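Two complexes, one shared chain (chain A), two partners (chain B, chain C).
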Partner chain A sequence: MDVFGSFSLLLAFVCAVYAFLGGMVAIKTRHPLLVKSTRQAGMATCVLIFIATLSLEYLLFTDTFSMAYVVSHSNRDLSTFYKFAALWAGQEGSLLFWSTLLSIYVLSVLIAYRHKNGELMPYVGVILAGVQIFFLTLNNFVENPFKTLATVSASGALEPFTRLDGNGLNPLLQYPEMVIHPPNLYSGYTGFTIPFAFALAALLARYPGEKWIHLTRKWTMIAWCFQSVGILLGAHWAYAVLGWGGYWGWDPVENASLLPWLSGTAFLHSVMMQEKRGMMKVWNVWLVFSTFLLCILGTFLTRSGVVSSVHAFANSQIGPWFVGFIILTILVCFAAYFKNRDYLKSENVLDSMVSRESSFLFNNLLFLVACIAVLSGTLFPVFSEWFTSNRISVGAPFFNKVMIPIGLAILFLTGVGPLLAWRKTSLDSLKRNFGWPLLVGIFFGIAAFVLGYRDGASMLCLFLCGFVTWTIVLEFYRGAKVIRARTGMSLMMGAHELAMRNTRRYGGYVVHFGMVLIFIGLAGAAFNIDTQKAMNVGDSLKLGPYTLVLQSGDTKVDKNYTAQRMIVEVLKGNKQIMLLYPEKRQFQGNEQAAGTMVAIYSTLREDLYVVYAGMDPEANVPVIHAFLNPLVKWIWLGGVWVVMGTLLALMPNRRATLVLAATTQPAAAVPGEPALTPHVSLREGHD
Partner chain B sequence: MQTRAKFGVGIGVIVVSLAFLAWLGYGESKTYYHTIAEYQSLQGSARNHRMRLAGTVAPGTIKHLPGRIEFVLEEQGKSLPVSYIGTDPLPDTFVDKSQALVEGRPSSDGKFVAEHVQAKCASKYESAPGGDKPAPAATTQTSSTYSAQ
Partner chain C sequence: MTKLKRIAFLCVLVAFACGPLLTAQVGYSQRAKQIGMHLKCMCRGCDMSAGGCAHPGGAFSGPCDTAKAMLKEVDQHLAKGESEQQIIDAFVAEYGTVVYVEPPKKGFGLVAWLMPVFYSLVGFGLVIFVVRKWAVRPASAGSAGSQVHNEAMDRARAQAARETED
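On to the complex of A and B.
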């Protein structure tokens, strides 16, 4: 099976090279057969990569301990679930997994558009093959997952060698989130390859109009959704497994996942400027180029350990390859841009500071500054060492100082932007649109103060959350009211009908609401408290409204680990609420490999987060570390809304023909759309 | 043109104020990485920086004292006594011969006072004996992470 996998991988490389070179010739000659054969080579590349991945999974599942990768990341007692996940536990497997996920996108694109966009697709095929060649080079020649173990025999020759058991999976990765977090994040990273390929292809082919944006909109949203979910799952994993009480530490790898998310979010918004007003064309192209580059950079930071980090498990020779590929991509992007930049001329100019355009502009500016801040903070050790020979790192205070104001400003625009009219907004419409939301926001702010959340940034954040929520509610309400007046539907049904008629717009609002919930959760971080105590059985510990009593400790034996478990009773007032079981796990065969399992009692108001921190060496009694983290649950709830909103936005619009036929008022055809100044020509769009 | 000027001013104000905040945050949190040998040759004000040092925990030197934990870090033949005063318990991976990263400031008596300790254990994930290539995947854990999320 190892030879089979290895061979598929090599053949995939050959097919990708053919798709790349043949594709270039096909673009020149336009020979239909060549176009077809290179497209099919592209498809074959993907299928061969799938076969290689399946082979590696087969080797993992059959406990083939003659394979170096299987020995390093699995063992016999590992559960099926984690054997599957061992595919992306190590360097070689992760990179193969990258290729696999990319192939899913590439294959879908090649099949979906095989009879469409004949002018553009050969370019897209070549660019996708180019990216695949890079990863297949790594898979085949730098980090091959199909290496077998060998030992030097007495005669000096290399002989194959099989171990009885493997080393097991890194305990930190033996957690359910770790099985779904990497696939999500990687699906995000790889997914942005599609809009990148189409943007570059459109530029190279001078493909007319905004077609590439329409074509890639759904792909971008899918990638963005995976990226968002991946980031949140990673945060949840850090929260539940690392046991330090937080979910985000501005760790380089966390930052690496945030960077393409920031630029991708900016891109999702700024394309609307191009669709509606024909503006920001250069900007959009560069945003999508940057997003792709940041995805590659993110993979590089994660996999190469260039910035020493909690996550950077690996230190290997892939660094120069990635740097080379990033430089090459930048050069190609610049060359394409300078050759065809006249094609990207803007058709309109900005008219007013208070307009939809300007809100998009400031939204993009803030995302860009956020991106630069996170990028420079993350790479600071690398660059400071380069320029000054001193390796200097910056920590959480740096990121928080910059990112909190940016986050709040973006939250503000989330409320304001969608309600501003294109071109210019009148004072009257501002009053009409923002009076109630402001009042609700102020109410939220006061409520926060009364409830004891008295921190400047947090109160401002909660004020804005109230404000934005109300702007969203009003948007649904106004639209639903119009539909109710025409059809007699109930308000709820009207809101549903409204959302289905313009899924992109109302899906966007649902995503915005999800972000509001996430911001509510983030606002809670200012009020985290924690305490720690070495406790005998029967001792108690007070934290906020809770009292923790250590009941007893026991040992739990599982197939793959032995856990020291503490049984902690939680009391609120004098009422028993529940028992918590924080654990320390000792993984089999790894004397030093221990894992912490945090016990969390989670409510909407706060999380009680209890860690068994080990034995106190002097008194020889267990140490319990307890945290009280307000509002954390809102973050995960927000994530669910973000996903639901994205799914809504991905659905096709429902036609409202029946309803529209009954009316003769086309002006109100788009319910809730802010009044437009007369004589504005807006393009056909889907917003 | 006037609109353009307004946008220019708006963008300028945002960028400048964020740059100012970044500069403040930088001053507050910058941390120098040094090797133990470099650390020992630091002079004057350079000794007062916040810094991060890496080394291997010398076997048998971990001492639990009231309010602090002391140990010795070794790197390339140089050794450095460290006093850990953080409130969080040391990570599970912090044992004799583990690779540790300490963050803090020097004290006047020559000891290094660490507020955070990260440890990466040289476990058997590091290499597969008989394998043609080590598969690096060490676990790193941190004693206490940074105050904010």
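On to the complex of A and C.
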């Protein structure tokens, strides 16, 4: 199976090269058979990558310990669930997984548009094949996952060698979210390849108008949604497994995932300027290019060892390959732009400073500043080493100080933007629109103060959360009121109808509301407290309103690990709330690393986060580390709303139509007057 | 001495008596932990601050041995009456600038702090410039012809959007 997988990868590489070179010839000659042949080669590339991936999964499931990758990332007692996830646990497997996810997108695009957009698709196919060639080069020649173990025999020849068992999966990865977090994040990274390919193709082909934007709108939203979910799942995984009480540490790997998310979010907003007003064509193209490049740059940063990270891929030699690919992509983008920049000419006209258009400009400014600030902060240790020979570390406190004001400004614009009209907003309209949201914001601020959240940035954040929430409520209310007046629907049904008629707009508002919930959660971070204590059975520990009593401890033996478990009773006042079971796990095959299973009592107000840290080396008694983290649950709830909003935005609009419907005779008809012909009234319906 | 004062005095006595015990239990003081939040744990394995080290993946999910040693060292500096800045400087002298958790607001470290301000100002200036440039077309933007043109364009775009809806 290893030979099968390896051969599939090699064949995929050959097909991708054919799709790339043949595609370029097809663009020149326009020969329909060649166009079809290269498209099918692109599809074959994807299928062959799937086969290679299935081969590696088969080797993992069958405990083939003659394979270096299987030995490094699996063991016999590892559950099937985690054997599946071992595919992306190491450098080689995760790069293959990257190619696989990219192939899903590529195959979908090639199939979906096989009979459409004939002028554009050959270019798209060539660009996608080019990206695939890069990753297949890594898969085949740099980080091949199908390497077998070998030993040197007495005669000096290499002989195949099979280990009895593997080293096992990194304990930190043995958590259910590990199975879904990387696929989501990678789907985000790889998904941005599609809008990139279409943007570059449209530029190269001088494809008319904004059609590339219409074509890629959904692909961009899908990639963005995966990226958002991936980031949040990563944060939740870090929170539930690492045992440090936090969810975001501004680690370079986390930052790398945030970079394309920030530029992608800017793109999702600025693209509306082009759709509505035909403006910012150049800017949008470069935003898409940048987003794709940031995906590649982020991968380079975290897999090359350029910046230090707690994540596992830091020691590798693939850095130069990524640098080469980034430089080549930048050159291609610049060349395409300078050759065809006249095609992107647009008539940019602003009727007023106070308009939706200008709010989008400031929105893009803030997202880009946030993106560059994260990037420069992540790279600063490298810069400092270049310029001064001393490496200056940049950790979480720096990013928090820089990003909090930017985040608050973005939150402010989230509320202001939708209140501004396209072209021009009058002073009256501003007064009418801002009054209630401001009042609600002030109420939120006062409530925060009364509830004890007395930190400047947190109070400002909660004030803005109230403000933005009310602007969203008003948007739904006003629209629903109009529908109620026209159709007689209830307000709730009207709001539903409204959302279904303009899914993208109202889906966007739902996403905004999700972000508000996330910001509420982030505001709580200023009030985190923690305490740590070595405890004998019966000892208690007080934290905020809670008292923790160590009831007992036991040992839990699983096939793949042995866990030391503490049983901690949680009391609030004198009332017993629940029992928590924090664990420390020692996994088979991993002698050095241990895993932590945090026990969390989560409410909307706060999380009681209890870690069994291990045995105190001096006193030889269990050490309990407890954290009280306010409002964290709101972050995960916000994530759910973001996903729901994006799904809504992806749905097709329900179209409002005017239909004729008979109505009953008015009750107050005057007797004796000639009977009215059954009259008709206009009411709105939809197909 | 009133009863209230006596209770307060007793509380202070108890606090003084228990303080060293608490320190002895974890091996470092609360103040050391606070200062440790500004120093990077130099175990080169966790990338956390010495004060906030949870050493994920370690046998002990709390300050690792390196972090504990650093926090005890902070306590030694505190015992000599040194200020927070003096202590941080002492650690920088010992480990180099890599021990900072956030760049210092002096020397090359200041660049890290100024960069976001610089981007923001340049970006803000650019947006203002662009807005002003785009706004300086009243003749074409405000004319009736242009209005018609814009409306026609809007309709055409809406139609294009519908027709290309996937």
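By definition in this document, the second predicted complex is superposed on the first by the 654 of 687 C-alpha atoms of A that agree within 3 Å, B and C clash if a C-alpha of one lies under 4 Å from a C-alpha of the other, contacts with A are read in each partner's own complex, and residues count from 1 in each chain.
We adopt the following convention: a contact is a pair of C-beta atoms (placed from the backbone, for glycine too) under 8 Å apart; a residue touches a chain by one contact, two chains touch by 3 or more.
Since we're looking at a predicted model, the values are computed, not measured.
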Chain B and chain C placed together on chain A: clash or fit? clash
**Prompt:** Should A:Leu628 be classified as contacting the first partner (chain B), the second (chain C), both, or neither?
**Reply:** neither
Going by the contact rule set out at the top, does A:Gly209 touch chain B (first), chain C (second), both, or neither? second
Exercise. Tell me which partner A:Arg163 touches in the superposition: chain B (first), chain C (second), both or neither.
Key: first
Next item on the list: Would you check which partner chain A:Ser72 touches, where first means chain B only, second means chain C only, and both and neither mean what they say?
Entry: first
Inquiry  = Quick check on the superposed pair: does A:Ile231 touch chain B, chain C, both, or neither? Answer first, second, both or neither.
reply    = neither
Exercise for the section: Give one of first, second, both or neither to describe whether A:Trp248 is in contact with chain B, with chain C, with both, or with none. Expected result: first
If we overlay the two complexes on their shared chain A, which of chain B and chain C does A:Thr388 touch? Say first, second, both or neither. second
Considering only the touch criterion stated at the top, classify A:Leu411 as touching first (chain B), second (chain C), both, or neither. neither
Fill in: Partner chain in contact with A:Glu275 - chain B first, chain C second, else both or neither
second
In chain A, both chain B and chain C touch residues 170-172, 242, 244, 249, 308-310, 350-353, 358, 361-362, 365, 369, 373, 381, 390-398, 401-402, 406, 532, 584, 593-596, 613-614, 617, 623, 625
Listed in rising order, the residues of chain A that touch chain B in the complex are 68-69, 71-73, 89-92, 147-151, 161, 163, 167, 170-172, 242, 244, 246-250, 308-310, 313-316, 350-353, 358, 361-362, 365-366, 369, 373, 381, 385, 390-402, 405-406, 409, 522, 525, 532, 584, 589-590, 592-596, 613-614, 617-618, 623, 625
Within their complex, chain C touches chain A through residues 25-26, 37-38, 40, 44, 46-49, 52, 54, 56-62, 96-104, 107-109, 111-113, 115-116, 119-120, 123-124, 126-127, 130-131, 133-135, 137, 140-142, 153-154, 157, 160-161, 164-166
The chain A residues in contact with chain C across the complex are 112, 170-172, 209-211, 214-215, 218, 241-245, 249, 251, 275-276, 278-279, 308-310, 348-353, 358, 361-362, 365, 368-369, 372-373, 376-377, 380-381, 383-384, 387-388, 390-398, 401-402, 406, 532-534, 584, 593-596, 611-615, 617, 619, 623, 625, 652-653
Residue positions on chain B within touch of chain A in the complex are 3-4, 6-7, 10-11, 14-15, 17-18, 21-22, 24-26, 28-34, 52, 64, 66, 87-89, 92-93, 95, 98, 101, 118, 121, 123-125, 128, 130-133, 135-142, 144-149
